[in-house]
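You will see two complexes here that share subunit A, one where it goes with subunit B and one where it goes with subunit C.
The block that comes next holds the complex of A and B.
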């Protein structure tokens, strides 16, 4: 039982964490909470299965194409659903525009791909039981993602420009930073991370259009728990969520496991609305 | 021999006089008009795999009947409206067929979700309807007196699975689970009391979130409760394959008995090992299953030969879907031939229909019972025996 809780919990938690990071990367650059994170995860699995199983491409080519598609969708998301509503950010129109775009893509996927779950190939046939690829691959991808982002944000000029935009876009623009291009690049980066989450988790979650809603919600929980904009918080929140969900699955079972997750989520938000790792935000008056 | 104008006029006068004498008031052209059958299949969209299979049988029946001269000299005109797996489009299609096209009868919709929306509408327009959908409430002689079903109900489907578990496999300790959909939860609520009434001990029942990738906790609970058989009720291939994969990984050698999706190609494609499909038994129909000697019953065997001759593809669909489509049109044609194409004529004929011999099943209706499929014809099959769209009967059946 313990083995199963740890292996499944950490693997699912890593997928949630990467989806949470996808939310964060888009949010940091635009202050827009884009509900396309689950869509990117869903497409990571579906497109991966399409490229590798149906077109017969090598796994590495399939992965590169999936990440490229993710980046492209990130760019389209920014241009189509975010840029037009940024002028009226107070109205929260982005909730509708990003959600509508995600639902549109999901419906197209259902029509073209089908509504049945389909298999995702076992890419690296080493390890049995809890050492199977479906468990360690999402964890490895999560570790690479967080290490890469830490390096990007702390060690590179472009990364520091991202951070500057996230901290104060007005001041960054006044300093001459190309805000729009940086925001576009952030959405492309988020697209890559979201698609990577879906690709590496698809052996477990299958290539299924319905994964979008699950990832949209369970990917949001780590962000709320860890604090908006905090990638480290999202990782801790995601892994904790996965472990808790799997433990609840064993202890209370069935649909009550989902209820247990919701209860803890609400309790944490009541006690710490800014998230476990977040600080109280200053409000301009 | 030449025919003179006077002879033609004289002949016409004689025919006219004979017509008047025999009381034929309708113009002669009406007798040659095609018989319009409205047809509402889901040929596209998420539920279309069933519709595409049924459509192959329906089209074959229309072709055979028309090639043989039609019904009493009148051709069948199948007026097709693709529902696109969408209840709204099914309703629109039904309205067009009954109001604008003035069809004699409606065949379909072929999926329960669409029929739930369309059946009340067709009934309101007083047009006879035949459909193959399983949801129990889709026939009701009081509410829908012209609506009939040539397929089993959900009660018959669950009843066959329960009978197989308790009476054939002689297993008493049963776990009944479902996903959290309306179909799944309603099935568990309906079938658990039926099992208990048959003397089974339902040691575990519950609903499982189909999105959960790990079913081991639930399967461990079933095993710890002493279950000798698992009965999952779901049309979700992902959920069912996870359940079978978990059973295999646990080396838990018990049968899994349930709905037809257990035997679908989508479920098979998601199994981690082919042998995880062993000891899995799903609903099927006696008349289209291979018997112990590996042969189909005579009627189905002859039907398959005709399908082969007509080059109808069976590798990507199921024999019972094609047979069901064929039977739907044939039953309608036989009825119109025997009774006429008026709504009252069709309804009156069907209310007395006894043992109509179909490929898919024998159909009997009464004024009180518009569900024509017979209990004994709903059986279980071995899902890993799929060959040319048909399955072997599950072990334990006499023949």
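The block that comes next holds the complex of A and C.
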């Protein structure tokens, strides 16, 4: 039982962590938290099942198509819901515009795909029991994501431009960085990461339109705990959340787990609004 | 002078019962239509109107949170669910012994209020996305618990809703029950909206910093509003479960939350009538779009996106004809300092506010580096220096926004705590801001009335129920604000929405707001910036008179002429340190100051 708690917990945690990173990538580029993070995860599963099971495409083609769709949705999110309201960011209209867009996509999915959870194919028949592919695949995807982002941000010029925009977008623009194009690229990148999370986690979570709300909330918890914009915080927070949830599920039942996570979330927000790992923000007078 | 005093009276609101009824007439019309509806005897539509009333009970409370305080509470359906199950379970006696339905309804209100505050807690420290996420997470979790706690909620199978006994038994009795409660909610929120609490909520939404400086205690006010809004959501839940007659977790989809939210957005922020019409519209609309039932959430979401992107102001903005009339083009601000004696008290004891050895870092930058400063009654103290020399930062230290790493502040010899902006109003320390902090959606008069918030005597409940103390507060604040506006010369613009004013007028409006506090200390942050030469002259005369009445003034300015014209003492800052201090004449001949700052 211990092994299955750990493997299941870490796998779910890896999905939460990747969803958290999706929030972060969008936030860093635009100071906007977007409700589309959970939507991307949900679609990763649904579209994957559609391409591979219904259209019969090879798994690798399905993956590429899913990631492409994620990138496309990221771009659409930026153009439709973020760009128009970015001018008056202090009014926080982005909360509503991204929520509305995510709901639109979710409802379209519910109507076209159905409201029942549907199975997702087993992609690589390696391992069984608690070493099953459905557990290690999300963890692998999470590790690849983190390594890729670290490489991008530290070793490439584009990545450094991303970091510059995140640190101080005014200064970055003054240096001549194309802020708008970089923001668009960030949203596309976030789309890829979110879709990857959904795709690799779908064998466990199934292809289900309702995963959107769950991923939206549980993917945001690690961001709140780890501090906004901190990817390492999101990974640590996500894995911890997954383990805690599974342990509580097995030991004391699902209701308690859900309530406990919610309570921890609120308490941390109240005591350390900047997250357990984040720094304090400056005053705004 | 007689001619001045006989100027046409400002367009103040007419007082008296009749004026009040006239102002509320659209709401009364909706209510009367609801009362008369049973004459038609249409049972089918009666249920739809009952549903609209139930939704409105919730939305009217949520409106204070979303439309007035500007907090994005999207998961309010969680509280509706909670109220519905509380009423059902208590009436059926699944968890405790069975209670009468009316008792269960009251208990739902209490539970709703409690959870309203719990869900709202993050909003006290953080705005927007975190709070939105908490409400969303809460609604998800309530549904999960409802599904899993089978012994009480019946799980996925559901549980019967309560039946209210006589006098509000099923049929027209229940209809009038819903209508009555909806009417009471409208009345209560209407009262709150027109009180200092409603204005403070809007101030938190549009200009939080100005609200704090006026002594609005955001946490206490928001907790009160969450209690109120949560209680209404609980009651709405109880009515909802009776209306549905049988509830399952499926009945509380996220659609409902979106519906509540859109009702408010369509209606417009800061309005009661708008969201009421929005709720009616969204409840009735599906009746005409039956073939589209499967697409209802999709359409709501599309509507939400459309409103946010195209008409963020909602119906209320479209109906606001008054504020579309063009204003007079060449307006002149003519302050009347001679009226000041009617606002400012003449303190017997002179007041002193002193800073001693203040040091403040921003990261590695020493913004203030060992500053001593004292401001006294009947004295205008000028604070000048190049950009970045720490002038505004000094003001922010005094008004409690920053905590210096060393140094103390004393008010008449007693230590003044730092990092507590809302406490400054009670010490009669008022201020204006470098960039005017206006409450854009409120009228000029309301913007100024905010300044007197702490002088209200009535409580939130007294305002909610429109008890005598509420009316006395309102009358006094209204009178004081009109007087303050007359002093700064803006009384003709009292009813205009503040975001239509010119920049120079906003500067004078902020002074009027500060005067509402009857300040012992007035901190002015570049009040002359953007004013014409003539306006600066009039401003100077006004500030001089304020100081003569006994108020201590600290004036941060770049206009050297104004400073040397009206100040009694001047401190020159450079790199956070005092470069020179003395009378204007001394400063003007100070060699270092002239070479570093004033120019030869």
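Note that the second predicted complex is superposed on the first by the 282 of 285 C-alpha atoms of A that agree within 3 Å, B and C clash if a C-alpha of one lies under 4 Å from a C-alpha of the other, contacts with A are read in each partner's own complex, and residues count from 1 in each chain.
Throughout what follows, contacts are C-beta pairs under 8 Å (C-beta built on N, C-alpha and C of every residue); 3 or more make two chains touch, one makes a residue touch a chain.
As the structure is a prediction and not an experimental result, all values here were calculated from the model.
Bringing the complexes onto one copy of subunit A puts subunit B in a clash with subunit C. Legend: residue contacts after superposition of the two complexes on their common chain; A:159 is shown touching neither subunit B nor subunit C. When the two complexes are overlaid on their common chain A, residue A:255 makes contact with subunit B and with subunit C alike. When the shared chain is aligned, subunit C comes close enough to touch A:273, but subunit B does not.
Residue contacts after overlaying the shared chain place A:206 against subunit B, while subunit C stays out of touching range. Once the two complexes are overlaid on the shared chain, A:12 sits against subunit B while remaining clear of subunit C. Among subunit B and subunit C, the chain that touches a larger number of residues in subunit A is C. Once chain A of one complex is fitted onto chain A of the other, the partner contacts of A:265 are limited to subunit C, with no touch recorded for subunit B.
When the two complexes are overlaid on their common chain A, residue A:111 makes contact with subunit B and with subunit C alike. Shared-chain residue A:214: touches subunit B and subunit C both.
When the shared chain is aligned, subunit B comes close enough to touch A:119, but subunit C does not.
The superposed model places subunit B right into subunit C at 151-159; the other stretches listed in 79-87, 115-123, 151-159 or 187-195 stay free of clashes.
Put simply, subunit A uses residues 111, 214, 253-255, 258 to touch subunit B in one complex and subunit C in the other. Across the complex, subunit A is touched by residues 45-46, 180, 206-209, 211-214, 216-218, 220-221, 236-238, 241, 266, 269-270 of subunit B. Within the complex formed with subunit B, the subunit A residues making contact are 1, 4, 8, 12, 110-111, 114-119, 204-206, 208, 210-211, 214, 246, 249-250, 253-255, 257-258.
Interface residues of subunit C, counted against subunit A in their complex, comprise 72, 74, 118, 121-122, 124-130, 132-134, 136-138, 140-141, 144-145, 148-149, 209, 254, 258, 261, 265, 294-295, 297-298, 300-302, 304-305, 308-309, 312, 362, 396, 401-402, 433. Per the touch definition, subunit A reaches subunit C in the complex via residues 33, 80-81, 84-85, 91-93, 95-97, 99-101, 103-104, 107-108, 111, 213-214, 216-217, 220, 224, 253-255, 258-259, 262, 265-266, 269-270, 273, 282-285.
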